[in-house]
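Some notes on the structure that comes next.
Letters A, B, C and D mark the chains as written, and numbering starts fresh at 1 in each.
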Amino acid sequence: MPSAYILTIACPDRIGIVATVSTFLAVQQCNIIDSAQFGDPDTRRFFLRIHFEMPDDGPGRPELERLFAGVAATFDMQWELHDAGRKSRLMIMVSRFGHCLNDLLFRCSTGTLQAEITAIVSNHADFERIAEMHGIPFHHLPVTKDTKREQEAAVAQVIEDTRSDVVVLARYMQVLSAEFCSRYPGRIINIHHSFLPSFKGASPYHQAYARGVKLIGATAHYVTENLDEGPIIEQEVSRVDHAHLPDALVNVGRDVESLVLSRAVRYHVEHRVLLNGHRTVVFR
Amino acid sequence: MPSAYILTIACPDRIGIVATVSTFLAVQQCNIIDSAQFGDPDTRRFFLRIHFEMPDDGPGRPELERLFAGVAATFDMQWELHDAGRKSRLMIMVSRFGHCLNDLLFRCSTGTLQAEITAIVSNHADFERIAEMHGIPFHHLPVTKDTKREQEAAVAQVIEDTRSDVVVLARYMQVLSAEFCSRYPGRIINIHHSFLPSFKGASPYHQAYARGVKLIGATAHYVTENLDEGPIIEQEVSRVDHAHLPDALVNVGRDVESLVLSRAVRYHVEHRVLLNGHRTVVFR
Amino acid sequence: MPSAYILTIACPDRIGIVATVSTFLAVQQCNIIDSAQFGDPDTRRFFLRIHFEMPDDGPGRPELERLFAGVAATFDMQWELHDAGRKSRLMIMVSRFGHCLNDLLFRCSTGTLQAEITAIVSNHADFERIAEMHGIPFHHLPVTKDTKREQEAAVAQVIEDTRSDVVVLARYMQVLSAEFCSRYPGRIINIHHSFLPSFKGASPYHQAYARGVKLIGATAHYVTENLDEGPIIEQEVSRVDHAHLPDALVNVGRDVESLVLSRAVRYHVEHRVLLNGHRTVVFR
Amino acid sequence: MPSAYILTIACPDRIGIVATVSTFLAVQQCNIIDSAQFGDPDTRRFFLRIHFEMPDDGPGRPELERLFAGVAATFDMQWELHDAGRKSRLMIMVSRFGHCLNDLLFRCSTGTLQAEITAIVSNHADFERIAEMHGIPFHHLPVTKDTKREQEAAVAQVIEDTRSDVVVLARYMQVLSAEFCSRYPGRIINIHHSFLPSFKGASPYHQAYARGVKLIGATAHYVTENLDEGPIIEQEVSRVDHAHLPDALVNVGRDVESLVLSRAVRYHVEHRVLLNGHRTVVFR
């Protein structure tokens, strides 16, 4: 039985990268299943994602990594090698709206999302029973202005204890401190309930209603120190009309939010998202 | 052969409006083909659009209007009665991008857009021959900072001379003065090449590229004194990805712009758009 | 506090229907919140849905019905009056794919779907625990060719015992007998996992793969004696490409199926769907 | 100034194809701009499209082709090398609906479609003047049952005389003979005004109306001897409802048809479409 891996690379663009990497893999008897690439003409950065299989009698992962390190050094590559069969460890943070949580729980349980939920963290107790039903540890970590530092320390402890690869803010309605955010670059995914950069900040559906837009949207992005400014992973919209009051917008928005967030998380755990400055390359 | 009319009404909401209007029409032997309504719970305004037929031996339009004026007064109605068979007189303003112009010309020629193009006005001469091919008067009215006032006066003269009902800014790249805009409330439709309120102002596709959005959009709106702030009539988006450089965004955007503008113009000339403060009610 | 009702009407088209109904309601001090209508020029049938409020000191529902019966008789109306605040009683049938079930359970629990799930019926035992977690009675009714008649009798008994208004086939993979279907006209909603009329019958995703389509879809329809031929309530599609093998199509399809089915059920329980021969009128 | 080329390859799948091709290009000092690949696990066929630049002091096209022929033979490749800057020569056939024709003319004129229209062929004279306005030769080739063979011979003559690479049936309402179709495999693109395989044959919009579908669609496909069965290149849909009579469906459909056909033609002239049996691989 062959093992499957995903190799992601970012490096300065120049002639021969694909040739070198694909030849390296061919020599190691690795078979490319899927490959996608992008050369950014602005930044002259090159991005590559290769999904490949290594045969049973291949070199094995440690030896492959050792050998590839030499190639990578030549091209000044940032690279990661992921076991394609391994599930990402995903911690979910949520406040009182459970639609994204429910959606992620279901997708993980059916395997359409290759992830294992390590913990559910909330500043409210509402979803304790749901976590229990799914056999997932629940951490009730309430927060006030005065306890933000302590609460975030407790959150960080859960991330560490559970060895979580990624944190998903599934409608977590607290603003995380810049300090906290900067500790996990490219590892925290948030769903913002508007089509960014429209309607940043609080109550985007009320803002959308006031402006009279004809489509509402949702945006999944990596969290950075600058609120609602992180690299966008995925966006989607849904049609509304004059008869949609803010409450109706909220209801329509739930479906879009769930869809967008689940897509973004899937892209992330399948190692399809590469950071390109404050933008993303997404190999869908 | 019956004649068809479209009656639009806006008035304070209260019990009995539909009953009164529909009874009035039934008494006059008019048959309702289509009717749509909306009561805004915020503003307590009520909006109604009725498409109806009057038989040959009906009262005729002047008498109908005379009779209805009494009803309207009782309910403090703003109302308009339109001959459903009459084509709106539409003046197009354009600069150097012709995709929206071409689209509108074609839709008018095939009758899918119930409008007659009265004139094409441009600050460039590029489309003179196209206008000529379609037998439409072309007015080349170049403009500089210093001649803006005179140029706008000339534009206003064309509107008047051609008795145009509505002006469509089909990628007209000059900012009209507040004075000009305020002369034609609800009668100038602009296409902005972004999903407003994102990316107001100049070069929205470059702004979209810089932000790394995953969908680009277009917005058709009525022009008011406040640039890019007018009531939105229609919006649409199209998916893009990291490989779309600004030029590619511009190309993808053309199709969305043409589509959105043609829909907005169709809604307008079919009297489906009612102003509700700085928002619109659109009875699609 | 006023009570809200939804009145749906289907009758031969003629002048004065809206006038009569709206005047009737105004006289009873009822305030129209929303109204939609459609006159089918082919069949000359007229369809009307009115959402209205009756004040506390109004005539009350029994008296309103008694009075309206006279109006209805005059116009040969089929009509129904529904309490807008009452939740429809919904029985779900499911086999082994749980995405639509999970979606409906969540929407009912949050109130975005105004329905109460009376029972979950399945020919498999897979979802017994999920039903239990939600406190909903679960009926495991396995079926073979030889026991179809008895099994359907048992299903009918559950419908009766639970006084269910509507049955939702949320990926129930057994073909119901014509006899069973004909007992519940307009009361059984099925989700078919293709864009009907394409790919009727079994394994639509495999059929879609074989044909090389670029979009896959789902269709929610009322169940009639003719398999996959019932009146369509809602459809939606999702983009796929050559790299989607049948298993990937199944995964993409899940989201479309859940969305389409939940929309169709919502339209139904909000009394927005009227039958027009083998088609539907849907007042969205 | 480097020259850009597009290399397309189809061959049996095995280890080392990408390595070999990319190394070959690197050795020739060619820089890969874009590359996409697909290995079909069903047929074990491998598909590759590489967009690359050759420097001024590179080997030149003839030498590159000579050298690559050796590589290709080793892997049993079907391959084509296209000059990325060359415009495809496109002949349009049309009957009486001009929306797709107008759309293609405009896109070619603005350069968003990299194609040169060599001739417009029609069985009607309606668009003679439009062809003239664009300076494109127009061939009025009427056809009856009895003259089909002669007319198709005349059409073939135009294709030959104009050295057209591809023929676009832009709502050409005559069925071409199997004999004619088989002469141009993968070179005739048709727009069918339904979401195939739904509503094959005549009057798809009337069929769609009769079935009461909630979305209508259009399908662009290569023409084969089997009517409406050719490999699908692109599809799209648009939402409709019960109020859309067949004429309204036709109007809504025009926009979808134009969009789908223009996308398919663009994919084709950019050499993004590879045939995979009776399906297509489309590297968008």
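What we mean here is this: contacts are C-beta pairs under 8 Å (C-beta built on N, C-alpha and C of every residue); 3 or more make two chains touch, one makes a residue touch a chain.
Just so it is clear, the model here is predicted, and its values are computed rather than measured.
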| item | value |
| --- | --- |
| Pair with more cross-chain C-beta pairs in contact, given B-D and C-D | C-D |
| Listed chain pair A-C, A-D or A-B that repeats interface B-C [over half of contact pairs the same by residue number] | A-D |
| Rounded Å distance between subunit C and subunit D, as computed from the means of their C-alpha atoms | 41 |
| Rounded Å distance between subunit B and subunit D, as computed from the means of their C-alpha atoms | 36 |
| Where subunit D touches two or more other chains, by residue | 34, 243 |
| Residue ranges of subunit C in contact with subunit B within the complex | 15-16, 18-20, 22-23, 25-26, 29-37, 39 |
| Contact footprint of subunit A on subunit C as seen in their complex | 34, 98-99, 102, 106, 110, 112, 133, 243, 251, 254-255, 259 |
| Of all residues in subunit D, those that touch subunit C in their complex | 38, 40-42, 195-199, 211-215, 217, 231-237, 241-243, 245, 276, 278-282, 284 |
